[in-house]
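Next come two complexes, and both contain chain A; in the first it sits with chain B, in the second with chain C.
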Partner chain A sequence: MKPPMHVAKENEVASIGLPRVPKQDEQTAVLKKLDDLRSSMRSLMVMLENCTKCGNCAKQCHSYLGTEDYHNFPAARADLMRRIYKRYFTWTGRTFGRFFGADDFDADTLSKWLTYFYQCNECRRCAKFCPFGIDTAEVTIAARHILSEIGIMPKFMQGIAVNMNKTGNNMGIPQPAIVDCAEFMEDEMREETGLDIKIPIDKPNSDILYIPSSADFFTNVDTMIGAAKLFHYLGVNWTIPSTVLEAANFGLLFNLNVMREHNQRLKAAATAVGAKLVIQGECGHGWRAAKAYTDGCSAPVSFEIVHILDYCDQHLGKLPLKKLPLRATLHDPCNYARAGEIVEQPRRIMRACVENFVEMTPNRDENFCCGGGSGILMDEMMEIRMKLGKKKAEQVIALGKLDYLAMPCSICKAQIPVVMKYYGVDDLMMGGVMDLVGKAMILGEA
Partner chain B sequence: MLYFVGQIFPYIAAAVFLVGMIWRVWTWLNVPVPFGLTLSPAPRTLTGKAAAFGRELALFRSLWSGDRGLWLAAWLMHVSLFMVIGGHIVGISTLGNEFTAIGLTSEQSQRVSGIMAVASGLLLFFTLTVLLYRRTAIPEVKRLSDPADYFDLMLILAVVVSGLHMRLTSIEVDIAAVRAYMGGILSFQPVPIPNEWIFISHFFLVNLLLLYFPFSKLVHLAGSMVNQAMLIASPPVYPSSMKVDSSRVQSNVQIWRGGSQQ
Partner chain C sequence: MSMVEINGQQIEIDEDGFIVDPAVWNEGLVSYFAKQEEVPELTEDHWKVINYLRQYFKQFGIAPMIRKLCKDTGFTLKEIYELFPSGPAKGACKLAGLPKPTGCV
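Up next is the complex of A and B:
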């Protein structure tokens, strides 16, 4: 089986400290890693040992609904690991084999893992509908971690790891370029409002550390402008650290060691400027990585961690907002609605910013993923990505004529516009929620 | 042989069931939870958590919001199973006189008890059959199923059929004799098993099920609770309290390269 993505070469994986294990040692290495993980992550062990194979998850997974590929059915996807787990780590699997759904590790095992665990968006919708709460994302995280630990990963992930090591952000933007971009945005805001709204980079002694998404410096500048206007209006002392320009933590999406490094980088940056409050920008899995994983990676920390939409919502009453004449809807990023308790905040903000807010169905914690989640943004996987996004396109199209689709997550912002175009929706503005705040806020003379 | 089936095997089965289940749950609880996996919106209060847990446990709420047909079959199956087990305990220990507590005569009580037993048994039989059919009728579920998945259903069906046999055919099983026998077993002074082949098969199959239980997916009885508890746990709070200093960063977390103390 040939995986659908470009796989990082041996010299490339070695360059990020995850050398490829020789073919003949793969099985031993994988089983050792799996053994380590099962004795370190209760979730993995319980979830691999308790599926009753009822199949309820099939119709709840956008990946399966879109691709109609059996192995993208959550229980079947998890079974790719479960069968190996049973064979080597349970008495029944060792003794009775296939009767209990155990399979030998074979030449195809790892290419299947690479193929299908990278078609799971880690959206956790299956966990919501599983009567036992089996969360396939946990299995996917474990599988991707094991693969990368033996030097098998998409080229896409390896490239991001290189950039993150070098600059602390996914896009590999060096500090001077960051300052340039910030100045450019400051100029734009000056032109629009006549005010001197700052985007301070690496300002020492800041109360608030804002961690945006690196894409907010280039493709999603309106999100950054919205945040800058908010901070300006509230008159707070804030800065963006050039060392952690990135809320996104791609480590969570392919290697837990890389995830921990990035998480510790966040702690170091906050400590360096003495921030008491860390605000995470519009990034879905980055929010989950900061909120849920800091405890296990960098604890204890002396700062509070809040999401920009939560922060904005807390101050919503004070903001000088004038509703924009738009019919707008919200796509709930999976990591907000199912993993991060950011559900009503963006709704309250949007109702304050647009005249006509409509809900797509299903929504909130039952929303479907955009299909790009967990970093499935490889160009070479475009065909699969469009299938993963099919359910999302159907949801949006069902709403009829819209002016704006809010998707407060950088991965959604990279995936959904391509999906909408592919399914024939051309005339729709798309962007973040903070974009709307920036546009609806009346500042200065205007 | 009858001595083994009647006076030895029940103890083996019960011991394996109890020790096996405790062992399984222990192996799960013994593993740390390095990262919280709260599934939001998560209840914050203890009452809220108990309610969420109860809804899942008693009403199968997750299935309800998914496939209603599966929910109906699975929920009724478990409810009737619960009634059958409860009915055995109450019905055998009172010889069918349990409803005299609500004012029925002994005769009426035995009648009601018998009707309820047959009704729950038939419902259990019917729902198990539906689940078995469903497993073969839905292509992806069929492909996912292992022999063990069919075996589990058929083993329970065999127990149910042998049980119903004693209710629905002319075979008379003396409940008083069964009570005396069960009393002997439970007081560790086993007496010979009532020599009625259908009762012996029923009892033997139940013991087989107990023996098999901890090694099968039937452990979802306990696993579902361990799993749900992780999903409704409260998310971490920052700044971290220095007192509960990183309980998650435990020395037995073997994820990190270079050890956990890095």
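Up next is the complex of A and C:
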């Protein structure tokens, strides 16, 4: 089976410290890693032990609904690992083999893992509807981790790890370019408002460390501008670290040791400027990584972590907002709604920023993923990505004429516009929630 | 990665068809990449964008923000897409010999 993405080559994986295990040693290495996870990742054992194949998850999974590929049915996807687990770690599987849902590790095992665990968006919608709460994302995270530990990963993930090591952000933006971008955005705000609104980079002795997505310094300028205007209006002492210009943490999506390193960078950056508050920008999985795993990766830490939408919501009543004449809806990033407790905050903000806020169906913790979740943004997977995005497109189209689609996550911002265009919608404005805050805030006249 | 021969020169390109080493780029290579990116004819406007990207990359080692590219060249994003159908990050960067922008883009 040929995986649908470019796979990183031996010299490439070695360059990020995850050398390829020789073919003949793969089985031993994979079983050893799986054995390690049995003790370090107890949640994985719950997911592998308990499935009854009731089939409930099939109709809840946008990946299966979009691709109609059997292995994208969550129970079948998890079975790719479950059957190996049973064969080598349970007495029933060892004794009765296939009759007890166990399979031998064979020449196709890992290419199937690579193919199908990279068609799971780790959105956790299956867990929401599973009577046992089985969360396939946990299995996907474990499988991708094991694969990368033996040197098997998409080129896309490897390339991002290279950029992260070199510059501290996924895009590979060097420090002088970060400063140049910040100055450009300051100029934009000056032209618009006549005010001197700063985007301070690496400012020592700052109370707040703001962590934007690096894409906010390339495509999603208005998200960054919205946050800068908010901080300006509140008069807080804040900065952005050039060493971690990245709310995303792709380690969560392919290698848990890489996730830990990223999180420790975050701690170092906050400690360096003496920040007591770290505010994460619009990024779904990065919020999950920062919120849920900072203690595990970097404890003890001397700062609080909040999300920009939570922070903005806390100050909403004070802001000089004038509602924009828009009919707008919100796409809930999966990691906010099902893993991050950012659900009502963006709604309150949007109702304060636009005249007509409408809900898509389903929404909140029942929302469908954009189809790009967990970093499935590879160009070479475009055909599959469009199938993964089908449910989202249907949800948006069902709302009729819209002016704005808010999608406060950089992966969603990269995926949804392509999906909407593919399904015939190309006249819709799309962006973040902070973009609307920036546009609705009255800060002086040019 | 693979090697392609363009104007008698062996050029290494990556899986997405981008030049691996931006230092080997020269103007003679652009028409080859233009064909790959469905740019039928290279006009003065194309060169304005390409030269801007080259200059920014030389100074900063990365592609400029899309809005800065538009502002400094005087083209709207729509016009950039008309010039380079796969967009500023993919088509324009490929013709200018920049690495493919990666991450959440």
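Rule of thumb we're sticking to: the second predicted complex is superposed on the first by the 445 of 446 C-alpha atoms of A that agree within 3 Å, B and C clash if a C-alpha of one lies under 4 Å from a C-alpha of the other, contacts with A are read in each partner's own complex, and residues count from 1 in each chain.
Everything that follows uses one rule, which is that a contact is a pair of C-beta atoms (placed from the backbone, for glycine too) under 8 Å apart; a residue touches a chain by one contact, two chains touch by 3 or more.
Predicted model only: the values in this text are computed from it and were never measured.
Participant: Figure out whether A:156 sits in contact with chain B (first) or chain C (second), or with both, or with neither.
Facilitator: Only chain C is touched by A:156; chain B is not.
Participant: Now for A:303: first (chain B), second (chain C), both, or neither, which partner does it touch?
Facilitator: Touch status of A:303: first partner only.
Participant: Examine A:186 and indicate which partner it touches, taking first as chain B and second as chain C; both and neither are also allowed.
Facilitator: It touches nothing on chain B or chain C.
Participant: In the superposed arrangement, which partner chain does A:26 touch: chain B (first), chain C (second), both, or neither?
Facilitator: neither
Participant: Scan A:435 for contacts with chain B and chain C and give back first, second, both or neither.
Facilitator: So A:435 meets neither chain B nor chain C here.
Participant: Check the residue A:332 against both partner chains and state whether it touches chain B (first), chain C (second), both, or neither.
Facilitator: In the superposed model, A:332 contacts neither chain B nor chain C.
Participant: A:135 in the overlay: touching chain B, chain C, both, or neither? Say first, second, both or neither.
Facilitator: Touch partner of A:135: chain B, not chain C.
Participant: Please name the chain, chain B or chain C, that touches the greater number of residues in chain A.
Facilitator: B
Participant: Once the shared chain is lined up, is A:37 touching chain B (first), chain C (second), both, or neither of them?
Facilitator: The answer is first: A:37 touches chain B but not chain C.
Participant: Applying the touch criterion given at the start, work out whether A:313 contacts chain B, chain C, both or neither, answering first, second, both or neither.
Facilitator: The answer is neither, since A:313 touches no partner chain.
Participant: So chain A touches chain B in one structure and chain C in the other; where do those two contact lists coincide?
Facilitator: In chain A, no position sits in both the chain B and chain C interfaces.
Participant: Please name which positions on chain B make contact with chain A in the complex.
Facilitator: For chain B paired with chain A, touching residues are 24, 27-29, 31-42, 56, 60, 62-63, 65-67, 70, 74, 138, 140-141, 143-149, 151, 215-217, 219-220, 223-224, 226-228, 230-231, 235-236, 238-242, 245-246, 248-249, 252-257.
Participant: What residues on chain A touch chain C, complex-wise?
Facilitator: Where chain A meets chain C, its residues are 6, 9, 155-156, 159-160, 163, 169-174, 176-177, 180-181, 184, 188, 213-215, 217-219, 221, 248, 283, 377, 379-380, 410-411, 413-414.
Participant: Taking the touch rule as given, give the residues of chain C at its contact with chain A in the complex, in rising order.
Facilitator: It is residues 1, 15-16, 60-63, 65-68, 89-90, 99, 101-105 of chain C that touch chain A.
Participant: Which residues of chain A touch chain B in their complex?
Facilitator: Of all residues in chain A, those touching chain B are 36-43, 45-47, 49-60, 70, 73, 75-76, 79, 91-92, 98-101, 124, 127-135, 138, 145, 256-257, 260, 291-297, 299-305, 337-341, 343, 365-366.
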